[in-house]
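To keep things clear, I will list the structure first and then write my remarks on it.
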Amino acid sequence: MSVFVDRNTRVVVQGITGKQGSFHAGEMLAFGTNIVAGTSPTKAGTKFNDKVPVVSSLREAMQYEPNATMISVAAPYVKDAAFEAIDAGIKLLYILTEHVPFHDSMDIYHNAKRKGIVMLGPNGPGITGVASQCKIGIMPGKIFRKGNVAVASRSGTLTYEIVDAVTKSGRGESTVIGLGGDPVVGLNYIDVLQQFEKDPETEQIVLVGEIGGSNEELAAAYIKKHVKKKVVAYITGRSAPPGKRMGHAGAIIEKGVGTAESKIKAFNEAGVKVADYPINVPDLLE
Amino acid sequence: MNLYEYMGKDVFRKHGIPVPDGYVVEQESDIRPFQKPVVIKSQILLGGRGKSGGIKFAKSEQELKDGVKQLLGSKIRDLAVTKVLVEEMLDIKKEMYVSIALDRTSKSPILICSAEGGVEIESVDHDKIFTRIIDPLLGYSQFIGRDAVNFMKLDPEIGKQFISILAKLYEIFNQEDCELVEINPLMIVGNGKLVAADSKMVIDSDSLFRHREFEVIDPEKTPLELEANSKGYSFIELDGNIGVIANGAGLTMATLDALTLHKGKPRNFLDLGGTDNSETVAASFEFIMKAKPKSILVNIFGGITKCDTVANGIAMAKTRFDIRQPIVVRLSGIRDEEGRKILKDAGIDSFPSMMEAVERVVKITGGN
Amino acid sequence: MNLYEYMGKDVFRKHGIPVPDGYVVEQESDIRPFQKPVVIKSQILLGGRGKSGGIKFAKSEQELKDGVKQLLGSKIRDLAVTKVLVEEMLDIKKEMYVSIALDRTSKSPILICSAEGGVEIESVDHDKIFTRIIDPLLGYSQFIGRDAVNFMKLDPEIGKQFISILAKLYEIFNQEDCELVEINPLMIVGNGKLVAADSKMVIDSDSLFRHREFEVIDPEKTPLELEANSKGYSFIELDGNIGVIANGAGLTMATLDALTLHKGKPRNFLDLGGTDNSETVAASFEFIMKAKPKSILVNIFGGITKCDTVANGIAMAKTRFDIRQPIVVRLSGIRDEEGRKILKDAGIDSFPSMMEAVERVVKITGGN
Amino acid sequence: MSVFVDRNTRVVVQGITGKQGSFHAGEMLAFGTNIVAGTSPTKAGTKFNDKVPVVSSLREAMQYEPNATMISVAAPYVKDAAFEAIDAGIKLLYILTEHVPFHDSMDIYHNAKRKGIVMLGPNGPGITGVASQCKIGIMPGKIFRKGNVAVASRSGTLTYEIVDAVTKSGRGESTVIGLGGDPVVGLNYIDVLQQFEKDPETEQIVLVGEIGGSNEELAAAYIKKHVKKKVVAYITGRSAPPGKRMGHAGAIIEKGVGTAESKIKAFNEAGVKVADYPINVPDLLE
């Protein structure tokens, strides 16, 4: 089984009738994800894709016994939706939405943590458990093949790029996790490394990092101490000028902290090879 | 988003943190009658204003008028001074440092303070800096202030004021959605009172929907960047000659990195974000065209943004902006085959592989 | 501590919950010129004021003056009316109920609401009552309001107002240290607006150090109770003839229970609390003496309150108040032997066992 | 070993130089409690009883590795002291102070809970682990004898009364816990019943209840389902008039809820005998 999600994962989509929500819920169903319900303030009582019951609130959706949620509501309402999920006892919380104020993310994270809830995002592509056919999020389903490579990334499209390259190299993936591009996201590399290290399905690990913060450096130190499995990496933002936010709110070099050089150096020192181009990542794998 | 000093001080005042008496001057007629010695501070977002001549002192009506006249409209390290802050001169006894910022790793506020301030905190000895991660569910509580005061060895009366300022600073950090709120220097003045002699506040720009009062023009951005941002594009000007459009911040950065490693020179960073609208794609070319690149690279891996949507957008843009420069497109992911067909019909080359597209565009563009 | 309706409504107003236009009248000269029909409401802490004649209606200047005159200074079920609230008459379309209270078991606020209000919530059908425990670390969030509105089947416009009132009610519950804040009825009036037609607020009396504005005299207490409370004693008058002093609320209650089971009749509840001061013990007899009991039982199990301290206090009181009634004392716990020696020297009987002391005092007092 | 405390319990006293704090810290030392440090804003640097180091803050006290705290500061400062202890990583929090606003207790409780911290009080006599000679709180030490009777109570002096009677009957105690007399306290009966049931030292259980709330009724339901050990009870407030707070903020009969009759009935239905007088409790034990 994959990490964080498996065949028993029952997903509710908060905001299933919105533009994003409905498109990705459809893709998730096509991938095999068990979506048990969706919420919509205006379309309660209908069925999504002639199949998934749509109700007006998460409380009502609890009758379908979801244990995971995908939140796809506008940024100002994300905190309320997340608190609703935390209060209802959901166990995995994935926030698709971009531009969530990080103070809201901070409140969500600490409340999720105290309840033992796994939080993914905001502003990440979600999680794909390849073997368990459970995708929560927006990764394009057709790039995956079942295999032993686990991937964790702060970026969305770049993850697809690398997963695609891994698949095309003849390998396959176990679990692929997008951490999210915001300064505050639910999972750090270390949280997922812990899971990957003990996951029997995973034999090799790819970390995709970018400029900003020091989570890659912390991950490198953790790998040195605790990770026996092979880890390779790719870091983006080598050519980014300091002081500029490169699209992601989290991707900024401030006062010399968060450079690609520092991250690449930390990984190299931990024995983690870093690819020059996304497409070279598979060359570093076994 | 950075706030100007005077805006930060308005926030301080609102929350009860003592600031010097002062007022903002945008034109000479704003100058109030001279009463006591003042300092005239250019309102620009730049450290070390003083050394660059951005701060003047005035001990008379005439000096005040002259100082304002010199600063207003001047440029300091390329930044135009459109406002100055006229403030009472303080009787400095000591300068301290205090800030609250986001600590990304713990996903919590972090308090940093030191009895030594007035210089960049990075230059202060590590063993003279007090740092404490604040558990956001507990919030700020007095014991944190007491620990800081003990560390800094402040005398009790100063310590009491310091603790009271900390509580307000934490309130500001949360209520105003700060990434950083910093007082440097926090001054002890002649009468033993603490005064925030400067302010630095960085506001989370994603929170502006609940802080309309803070919408200011970011002076660190170029006019073209501001224009593109106002249309919803994440856009940064660079100094090369290859226009770049990609989807996703990570992929856009990786595209720049790949171009650079191939000796190509990107002209810009343009992230379409999570759009799935052909018009949004087409309209993005306006800013690429204004940047006058020699060639254009579009790099799309389809997720939220579907490849056929992008292809349609590129075709629309080619006609709308009468684009003569070569466009190299890479499409992969959701609906890539459909997208490539659309581009082929519009006479635009496309590749499934990012590396091929990068190589091609660098080759076409040539050395410069 | 209960707040009067007008005080609760002041709090509502401060937090932005709509209340009827109105003003408080303490004397006839406070009456303002009549403009529209009003209701005159006695400010007493009593449910069902209306049925007891505590509410009058006035459609003219004369009726207003007469109504106020009748109510001010009158007694309603033993409670003196010293203030009335004069309020605009509301055009009632519907009466609802909403409250937030402490749920002891979950140690959390609990929201209770119903589309049926204007009557005691206990009398409303269970399946028409919405209850929800609010996680205090999450606080009130809109989804709770939406769930309540769905349950109550309110129409969207009313629902929107209701949700906005809930957020303010939760703010009041926390900021004002409420045990209970209740709006009953929450009225829908003619123009479709929600108005808090009544208020009930119970404030945690332990929080009054941060709510000085709420210090009111509790009309549910007797003058002697108020006097004893003001000196720091937990004191309740009962209708028997045995004065009781004990330490600890549980032990004091158990003493009353034991007396009652032995056919003794306690005159009062007096808990010395955690004092360890002889003067505090001695001074407590003032209230016992004012209650004129036939006998006095002091029951002490020494913890914080040490037995010798109490013994000294009793001896002091015997002299100071020239107590002629028999005093029976039970001392056990920390320094009990020392205490019993002090009492023996003062000529007062004491026992180590509570049962013996209770039996003795009941026997001495005799049936009445 | 006792429940919640044992010979490895290392206590810090927050407010050790106050009147209450110093008296009870002395009594605790005499009982055998391992007090490793105390805090005082004004007397840092001194030794309490020539033995216990006094420091100015809990952070400083952490060098002595306490895992439990007794908070004995004035009511308005309790929340700050408790938050200090929670933040520092203390594992057992006992609040001696009376008249703490219950909103503060609520904040303390929920934050303690999320960190897995046991909270005792406010406004209770604390805990005495008889066998492990660890007393945190204000119970008079000399009333105890080592034995197999566990006691949990909402009242202070009444607890001493009953423990004294148990001891004088020739029996002894394992652990005695005062829950506290406030409407919001850290532990409910059910929390301690769980511990008592699995404690090898405990064979019989005494619950001391009083009017107000419905925790006794909930305890009775829990006993019926989950407790195999013998439980007996005493309930005070039978003669209390409705609507009056009988000394404890929590001891009030409101709208017919919280009466002694209801509690006695619930216990009887759960097979728990209820003594008429405190002194009769031992007669119900084996």
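Chains here go by letter, A, B, C and D, matching the order in which they are written, and residues are numbered from 1 within each.
Keep in mind that, in the parts below, a contact is a pair of C-beta atoms (placed from the backbone, for glycine too) under 8 Å apart; a residue touches a chain by one contact, two chains touch by 3 or more.
Treat the numbers as computed from the prediction; the structure is a model and nothing was measured.
K.L.:
Please check whether dropping chain C from consideration leaves the other chains as one piece, and if not, give the groups.
P.N.:
No chain C: one piece.
K.L.:
Let me check something: if the centre of a chain is the mean of its CA atoms, which chain is farthest from chain D?
P.N.:
B
K.L.:
Roughly how far is chain B from chain C, going centre to centre by Cα mean, in whole Å?
P.N.:
Chain B and chain C have C-alpha centres separated by 55 Å.
K.L.:
Could you grab the centroid distance between chain C and chain D? Build each centroid from C-alpha atoms only and quote it in angstrom.
P.N.:
Whole-Å distance between the two chain centres: 26.
K.L.:
Just curious, how far off is chain D from chain B if you go by their C-alpha centres, in Å?
P.N.:
53
K.L.:
When the C-alpha atoms of chain A and chain D are each averaged to a single point, how far apart are the two points in Å?
P.N.:
Taking the mean C-alpha position of each chain, the two centres sit 45 Å apart.
K.L.:
Could you check chain B for residues that touch two or more other chains and list them?
P.N.:
Counting only residues that touch two or more other chains, chain B contributes 135, 137.
K.L.:
Provide the list of chain A residues touching at least two other chains, using ranges where the numbers run on.
P.N.:
Touching at least two other chains: 111, 114.
K.L.:
Using the touch definition from the top, list the residues of chain C that touch chain D in their complex.
P.N.:
102, 104-105, 107-108, 122, 135-137, 174, 177, 179, 204-207, 209-210, 220, 234, 236, 238, 246-254, 256-261, 266, 269, 271, 273-274, 276, 300-305, 332-334, 353-355
K.L.:
Once bound in the complex, which stretches of chain A touch chain B?
P.N.:
19-20, 23-24, 27, 75-76, 98-103, 105-107, 109-111, 114, 125, 138-140, 142-143, 153-161, 164, 181, 183-184, 188, 208, 210-211, 213-215, 218, 234, 236-241, 243-244, 246-251, 255, 276-279
K.L.:
Hey, which residues of chain C end up touching chain A in the complex?
P.N.:
That would be residues 135, 137-138, 141-143, 146-147, 150 of chain C.
K.L.:
With touch defined as at the start, can you tell me which chain A residues reach chain C in the complex?
P.N.:
41, 56-60, 79-81, 83-84, 86-87, 111, 114
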